[in-house]
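The data blocks that follow each hold one structure.
What follows is subunit A paired twice: with subunit B in the first complex and subunit C in the second.
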Partner chain A sequence: MKLAWTYLRLGVLNEMQYRANFFVAIVQSLLGVAVAIAVLALVYSKTNALNGWTQSELLVVLGVQILLGGVIHATVQPNMERLTQEVQDGKLDFALSKPADSQLLISLRELRLWQLVDVMSGGIVIAVGVSRLGRSVGVGHAFAFLALLVIGASLLYCFWLILATGSFWVVSMWFLSDLFEGIYQVGRWPIGVYPGWLRYSMTYLVPIGFAVTVPAQALTHRLAWTTVLVAVAFAIVVFLVARRFWRFGVTKYSGASA
Partner chain B sequence: MPPVTAVVHVAGLEKVFRVPEREAGLRASVRSLYARRWRDVRAVDGVSFDLEPGEVVGFLGPNGAGKTTTLKMLSGLLHPTGGEVTVLGHVPWRRERDYLRRITLVMGNRNQLQWDLPALDSFELNRAIYRLPRQQFTETRDELIELLDIEDLVRKPVRQLSLGERMKVEVVGSLLHLPQVLFLDEPTIGLDVTMQKRIRNFVAAYNERYGATVLLTSHYMADVEALCKRVVVIHHGQMLFDGKLEALADRFGAYKTIEAVLADGETISMQVPRNETSSATARLLAENDVSDLTVEDPPIEDVIEQVFAS
Partner chain C sequence: MSSQPSALRSYVDFYATGMRTQIATQFQYRAATYMYTLGMVTEPVIYLVVWRTIANQHGGTVDGTGAGQIAAYYIVWTLVRTFNIVFTPFGWEERIREGQLSSQLLRPLHPVHYDMATFAGHKIPWLVMYAPIAVALSLVFHPTLDPRPIEVVVFIVAIWGAYVIRSLNHFVLGMLTLLTTRATSIFQIWFLGELLVSGRLVPLTFMPPWAQSIAAWLPFKWTFYFPIEALVGGMPTHALLTGLLWQCFWTGVGCVLVWASFKVAIRHYSAVGN
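Right after this comes the complex of A and B.
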């Protein structure tokens, strides 16, 4: 906990040095939101509902996708990029020679504070979407939404960790970020609109469905409580697998000779 | 069983890397995509030594001799392929926290401080990682900072420091938890002579004050001469020598240098094979009017060169 706090503090200090990035992030975020909403509007000029989802409901899905994307881009992705980089150039030596849990350490070291702008714009998109639904969201659903967001984030974290751990074998994994971006765009639409094979792989193989669609369901009165249970169980299993895999990967670390 | 007193015990240590092998060129690289040939590289091949508490030992060998690999196995980063290692009673590769808290690894060509922040912030991070009590941490930090005289440096962003300044700060950061065993991999690489000396003196002071055991690799013999009474020399991953630094010259120094100042002020300097030293000296004294005479071992650099050539 103390470690997390110290890293958080350092991350904030670090990012404060580069304030220009803040404005770049704002522009980037606005642009992203604008494009996504334009695409939505285009689709709904042809139809009223997509696989049973109305435009306002899809706005919620979009908001969740942007918000969660912000969380991942700010915390998980920079850490995993650094990990793959350090496996390649051998700098991971330092993290591994510290008396702290290595997985915890490599997951906390980086923070891209300004990416959190997306959390705000995602939140706004969600709020707009919910208000246009015309149905109030109860406390229970709001709570479920937050809990599912956390589960979603941890699923995406595990997904990233498993991929990044692969760099102990493959060594060069520069393509990971692009791969993730590509897949993550799928989450912009509710997972149900995709054909079966894609839907399953996007739910269990790559947990985008759980991460984005399921929390959005909580806000749009579509959530079945069994889904919550499945999500929790799935998250625990994936976490344990990721941790196991990480531990195994570390023993394969050979370090770049100096 | 290792002797009870040894802090570091290494016996028959081996590390074999499997590396893909291919010819240069495009065709070979395409072929290696589907049919990889592997080759075993014996980076460390039967290294044995024991370090007593408080010893400062030089770990020497040419590039690629297996020094860094050995240090990495000692600090728990690499799994040995064979042999035995214990440090402070721990098996390093298990990376138990109790163990990692009592050692440190410094690599001269790498940097682990936060690049954009003053080192003081990175020190705070180490405090969290090593779970040091606030008071003890502050005391140690201030003491080490004073010892190296870097009060100004620790407040500047690390990226603004010169290579030497960065190394000083780096070393302090690596010692905040007061490790009992120090693995120093070329801590003075790329530094100018004054800076090398500062780092060297600091290591000596730390060793004296805290009785820490130090295993040090360096290509600068001045480091070794100043710090180490004993050296372990490896080559191609194998043990070549383990003993007193002077004994290294006795064993591998092929010649001695005789210098004589004659009565008329002229100086004579000659190199003679080691086993002819006494006869050559006698001849020199008999044939000339000598006012001063010195017989010296060759500089340690030359000895080392000799060692690696053999």
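Right after this comes the complex of A and C.
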């Protein structure tokens, strides 16, 4: 925790040097939300419900996707991009030789503070979506939503870690961000919309369904409590797999720059 | 008496060599290229699934367009998207910060040619990688696609036309990086416009009439919607040829803007590097 706090402070101090970027991030976030809402409006100008989801319910899904995207872009993605670059450049030994858990270390070093603007944007979109549902959200569902958000973020972290660990074998991993961004767009729509092969791939192989749709289900009264249990169990399994894969990957590292 | 090669011959040699180098490089990193292609394909597959779901909910059509035509549109979209990948204007920030532009300025050709030759070379490996994905998408989504020979010919010309227009436009955008440190927001606004009125998000016929009117005055539809429609839309021959003329027009505009923006912006470049 002390290590995490130190890196967090360093990250914040670093980002505070470039305060104007906050306004750039706001503009980017607003544009992203505007496009997403325009697409929703376009889709719902042709239909009343998409696979049973109303426009307000889809706003909640969209909000969760934007919010989680903000968390990933601020905390996970910059660390994983740095990891793959250091493996390629042979500089990872600077991190591996430190007296701390290597996975923890490589996951904490970077922070893009201003990307957290998306967390606010996503939160606002969720609030608007929920307010238009016409049904109140109970305390139990609100807590389930928050817990499922945390589970979703950790699942996406594990997914990124597994992808980035691949850099020990596939040295050139410049495509990772594009690949993730492409796949993450799947979460903008409820996972049930997709055909079976894509739905299962995007739930169990790439955990977008668990990360985005399931938390949104908690706020739209669609959540089965068994789904929560499955999500928790799945997150534990994926975390253990990611950690084991990371440890295995490190043994393949052969760079020496120090 | 030794004769100098003509300017045209020199350009052809330059592009051929640049493309060959990139083809060899990209095939060295097959896994990376495949993963990148997969990421690119996801976006149209999402749109395809959403609009097909709507079509299926409304008797098999959206605004008179059948599910098979929607499938064809988005599967061809993936190919057009692959051809539309050019050097990103966001990349200019690093290029300027690290002084990478300096070495290009010492060479005899305009810098725009290096990016265009490089990314033209990328297309061939991407095409090879994309072919099995297109077959798989066709097997899953059953597109309605029966083009005439002239549509195929115009499509082949149009996707290269789209590539040239987008390359020139992005170069001009990249020049903004030399003039302001906040160019990123301008890029975002540009890409927002492109996303909404290029046919990238949805076929333009699904958009409201006012959006279609705006699209007619901008270059975006000639880089996405026109090449796709040339193959899948059953356009009459005169419309196909008019579309190619519009591409020529936007290519001309792009050339002028590249020349002018480079002339103005390069005066502000002061980095030294390799």
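The rule is short, and it goes like this: the second predicted complex is superposed on the first by the 255 of 258 C-alpha atoms of A that agree within 3 Å, B and C clash if a C-alpha of one lies under 4 Å from a C-alpha of the other, contacts with A are read in each partner's own complex, and residues count from 1 in each chain.
Quick note on the criterion: a residue touches a chain if its C-beta (ideal position, glycine included) is under 8 Å from a C-beta of that chain, and two chains touch if they have at least 3 such contacts.
Bear in mind the structure is a predicted one, so any value in this text is a computation, not a measurement.
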Fit or clash between subunit C and subunit B when superposed on subunit A: fit
Which of subunit B and subunit C A:14 touches, first, second, both or neither: first
Touching partner for A:178 - first (subunit B), second (subunit C), both, neither: second
First, second, both or neither for A:251, with subunit B first and subunit C second: first
Degrees between the directions from subunit A toward subunit B and toward subunit C, using C-alpha centres, nearest 10: 90
First (subunit B), second (subunit C), both or neither touched by A:193: second
Subunit B versus subunit C as contact partner of A:227, first or second or both or neither: neither
Touching partner for A:103 - first (subunit B), second (subunit C), both, neither: neither
Touching partner for A:91 - first (subunit B), second (subunit C), both, neither: first
Most subunit A residues touched (candidates subunit B, subunit C): C
Shortest CA-CA distance between subunit B and subunit C [superposed frame, angstrom]: 5
Complex contact set, residues of subunit C against subunit A: 29, 31-33, 35-36, 38-43, 45-46, 49-50, 53-54, 57-58, 62-63, 140, 182, 184-185, 188-189, 192, 195-196, 201-202, 206-208
Subunit B residues touching subunit A - in the complex, by the definition given at the top: 17, 43, 68-69, 72, 75-79, 95, 97-101, 103-105, 107, 109-110, 112, 114, 116-117, 121-122, 124-125, 127-131, 157, 185
Touch list for subunit A against partner subunit B, complex: 2-3, 5-7, 9-10, 13-14, 17, 90-91, 93-94, 96-100, 102, 105, 251, 253-255, 257-258
Subunit C-touching residues of subunit A, taken from the complex the two chains share: 20, 24, 27-28, 31, 34-35, 38-39, 42-43, 45-47, 49-51, 170, 172-176, 178-183, 185-186, 188-189, 193-195, 197-198
